[in-house]
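Same chain, two partners: chain A is paired with chain B first, then with chain C.
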Partner chain A sequence: MSSSSENSVQTFNLTKSYGEAKALDSLTLGVRRGEILVILGPNGSGKTTFLHLISTVLRPTSGTATVMGYDIVKQPLKVRESIGISFQDPRGFWRHKPYHILSFHASMYGLRGEERSKAVEDTLKDFELWQSRNKRFMELSGGQAKRLEVAKLFVHRPDVAVFDEPTAMVDLEGKRMIWDMIRQLREKGSTVIVATNEVREAEYLADRICIMKDGKELVMESLMTLKDSITGGDVVDLEMSAPVSEEILRAVRDVPGTVRALQGGERSLRTFVNRSEDWLPLMMTAMQGLGVRVSSIRVSEPSLDDVFLHYTGKEVVQSHA
Partner chain B sequence: MSQFRGMLRIARVDLSYFFRTKWLLGTLIGLNVTDMFVVGIVYKGMMSINYFDFYAPGVIITGLFFASFDVGRRVHLGLTEGVSQYYLTLPVSLNEVVMAHLISAGLGGAIYAGILTGVAMAFIPQLATLSTLLLIPFMFILAMGLAGIAAVLNLFSKTGDRYWVFADGLQTALVSLSTIAYPLTIVSSYLPPALVTFVEYNPLSQGAEALRTVINGAPSSAVFNLPALLLTSLALLAVGVVSYRHVFTELRDAGKL
Partner chain C sequence: MLSLLKFELREAFDSVPWTVYYWIFFAFQYFVYGQLVSRLVVAVSDYYVYYGTGLIIIMTFNIGSWAGRRFVESAHEGRLKYILSLPVTRGQLFLEQLLLGLAVNVVRVGPPLVILSILGGLPSSVLLVSLAVLLLMSVGVMGIMISLSFVAFKSFDIYSAIVASMSALLLRFSTILYPLAFMPTSYAAVSLANPLTYGADLFRSVLGVDANQLLSPELSAFVVIAVGISTLTVGTMLVPRVLEGVKSS
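Here is the complex of A and B:
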């Protein structure tokens, strides 16, 4: 592991192909110990394939990865002892019951007797499934089945916990509960990887965000760094003391850092700028030079939506315009 | 050691699914017991042999066959519902997942045959002997071997429809071309020699003959049948191992079967 000893998961040109199509294309990335990495990407971007590869559900076509230092190709058993995956679609035989499903899962990771019973009971209660513990899997609602799928990882708390769209099919209250549980899992020492296409989920959970498209990593940074990285990411709405003339518009466009300026109303302007904290003093000086007073300034940061759209192919300004 | 335990746990969960499907179990037992009594008793008066004593072992082995073959249905469900993928994430090897399914099939077949044997014992006291008990391990291996045939079906049936059609066809063919319902002497006078040889080596015939030998009170001849029974079962078991290995390897390579 040498250079990647800080990483719980490290991939090396990890590739998965189905015939000619590459679901994952030479992915090299590291997931730091104890962080929550959120993988964000449109459908078909390779998120699930990546999770299945590191969980040994799938075998790579080329390249490899290590999980807690164990190679997924050469030491799959060791990898399975270190990692747990919560699938996108809940997995269980129709006639099995939540209590038995979790009890079986716990037993596979060496929990016995009282310890196992307690872990199963606590987890079912934490996920508000205790009342449904004796229902059959097929009788659970979509949200309950999904919570049960997520709950599996809380019975044995793996070193690396992998969640594929953990709150799909779950109501708002349930989403918040699952997010808090995932954070707790990290606080207790697990490294967490979450694949999602829900921006709110990513904002709530992520220490770092990896944006993927077409089986490739486009960018992997903290949320703040990502927001700072996009051109014209800050939106500044200005209210002027006088009607917006061509001259004012031109002066604003000429301020260094302006990406785009549009007239909003008779006296208002919407501008898309880089680093508004640097841009605002320059803009104020320019307006003073024209003898125009700025009566109101409203700055909004780019959302993760904007970042996502920016990296997956659309200009952030288009989404505001 | 913990991996071995893991394999047995998967086998137990898989087996419990068979016994949890109560409508299936109830229907199977109902059909087998009805078959045993109606056919056995009606034909008893029409044949020169004690047909009930002849047919009951046949029904027991048919039950064992159907119960062990159910593993194919469970694996098919596991593949379509993603449970097989879940097994591949657990701390057991691929070989252990394969063996877990075959052991579960063996146990399912042996337990189910045990239930039918218990019913038959009430009317055939000769079955209540040590020889019957000694046959249990062989019935377990026979059931694992028969599950190997289900594994081949799983390998070639990508869709549920195809699986059911192949399974029904194969079950009917194997039961028909055996000594389950007719003695070999009768079968050989109606079928061409090649098919008679097939009937003779059909594991269902061998299993039924082993039980009949116990009923007829000649334990030595039961032992005489056992090597062939064992060899055929082990050969089919090997086919099952290879087939399920292929099924799960393909699942890991292609993401689906």
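Here is the complex of A and C:
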């Protein structure tokens, strides 16, 4: 882990409890200046709680964190001046119009007069909301409301920009647009933290990925390092001529080099193996011994989905963007 | 904080018909129902004026209650967590909510109060002092309602039930619609424990209602100020802890 002086956000045993339940459990991590950190985790893993804590929306039960060097417990106002958060559910401003919502947001961060008007206009155009600027919030579509929620952070470009599931409810074209905008934000100097359970989003955006489960960090590395970290670095998908029986599954698992074998469909198997070039002949021999023909073989690197599955035991949402 | 106040005021006054409805509702109650009921109530001297001032106090209570409830609703609608992330202190946020409630109170209660003072031939100085008393009462009511928000974060239904029951009791066990001297002893004892009784009587003292029907203005002023300060203090201390400690919706 890098030293805290290089980090825009640094947590120290950050914990949030609700009664006996720990939504976040002694989390200690650092987010480097100018990086995009994607926090990936199943629902209830503590992603949103983490974002709310570093944004001072919630107060930690124990531990603390710094944002741009300011302590979230002792200097919350300074933290709020340094961080901006785009929430998961854009709600609450039913009667306001997008132009007023962004203009108000900008004013809260000290933008005045012409500077504010220009920032609001540019942002509305960038997010394709200019035509809807005078509609009431309650008249916007789900996707438009979400884009408006994300757009807030582009009006004032905070030192640390935090996005909670930024493309939920957004169509495919909109997702790509938001991802590109988030990357631009990083290029303009902001540190970005994105919480998501979409693999595509993580793959597209992340400099590093933090996988969380049950309020704890399981691992935090770059995507490449994460893929390399899985024992059984090759993924081999097999299609059999006959339904996959227990006997076949056992035989595949017994092949030297097999790390894990999972049944995919009725006739398919997904295996994680060491050195597929050595493993494949051995597997073929074993299948011949059972009188089973292998009709298709596909060898690939593990995907982030596989990485996630490896660490959490749960599958994540697969976006088709 | 002023930007936030301006933003929320824009929304609060976005619905002009709702504000006009308040005035029409007052006018109907005062000029129609008030005339009728004041013919029935003869024991209280000039009950028509007494009733009119009572209506204004009820409006003030309802607006204070609305402001508190709105604060709680904003948490359930997801707006509050956004506001909590903005660069304002929790104290400023609490103050802003109070100012919002006061502003709404001035706009909605102001015109009816002006009508009463014109009909009663009261000078503008009296009008201003009476408005100040109403605002002080409103602060107390808002403080109570906002401070109760910790209940709402556990269960909004329980909060709504408590607020509705409390409102019904506070409005009825008070001198808002009938003077203390005309109440049965047990009823009067309960009403004396109600801060609204003191607020109502202080308001009427300022407007020059028959002093024989009212509590002493000094005592009333003391209670109203004490309740206002207490609820403000409790709210300032309690609300930030409650807001930042609860699981967001």
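Simple rule for what comes next: the second predicted complex is superposed on the first by the 245 of 321 C-alpha atoms of A that agree within 3 Å, B and C clash if a C-alpha of one lies under 4 Å from a C-alpha of the other, contacts with A are read in each partner's own complex, and residues count from 1 in each chain.
By definition in this document, a residue touches a chain if its C-beta (ideal position, glycine included) is under 8 Å from a C-beta of that chain, and two chains touch if they have at least 3 such contacts.
Fair warning: this is a prediction, and the values are worked out from it, not measured in the lab.
**Q** Put chain B and chain C onto chain A via the superposition and say whether they clash or fit.
**A** clash
**Q** A:H52 contacts which: chain B (first), chain C (second), both, neither?
**A** both
**Q** Is A:F87 touching anything from chain B or chain C once the two structures are fitted on A? First, second, both or neither.
**A** So A:F87 meets both chain B and chain C here.
**Q** Return first, second, both or neither, reflecting whether A:G63 touches chain B, chain C, both chains, or no partner chain.
**A** neither
**Q** Output the chain A positions appearing in both contact lists, the one against chain B and the one against chain C.
**A** Overlap of chain B and chain C footprints on chain A: residues 18, 52, 55-59, 76-77, 80-81, 83-85, 87, 89, 91-93, 95-96, 100, 104, 107-109.
**Q** Inside the complex, what are the residues of chain A that reach chain C?
**A** The touching residues are 18, 23, 48, 52, 55-59, 76-77, 80-81, 83-85, 87, 89-93, 95-96, 100, 104, 107-109.
**Q** Which bits of chain B are touching chain A when the two form their complex?
**A** Of all residues in chain B, those touching chain A are 2-3, 6, 9-10, 13, 16-17, 20-21, 77-78, 81-83, 85-86, 88-93, 252-255.
**Q** Give the list of chain C residues in touch with chain A in this complex.
**A** Per the touch definition, chain C meets chain A at residues 3-4, 6-7, 10-11, 14-15, 74, 77-82, 84-89, 241, 244-245, 247-248.
**Q** Considering only the defined contacts, which chain A positions touch chain B in the complex?
**A** For chain A paired with chain B, touching residues are 18, 49, 52, 55-59, 76-77, 80-81, 83-85, 87, 89, 91-96, 100, 104, 107-110.
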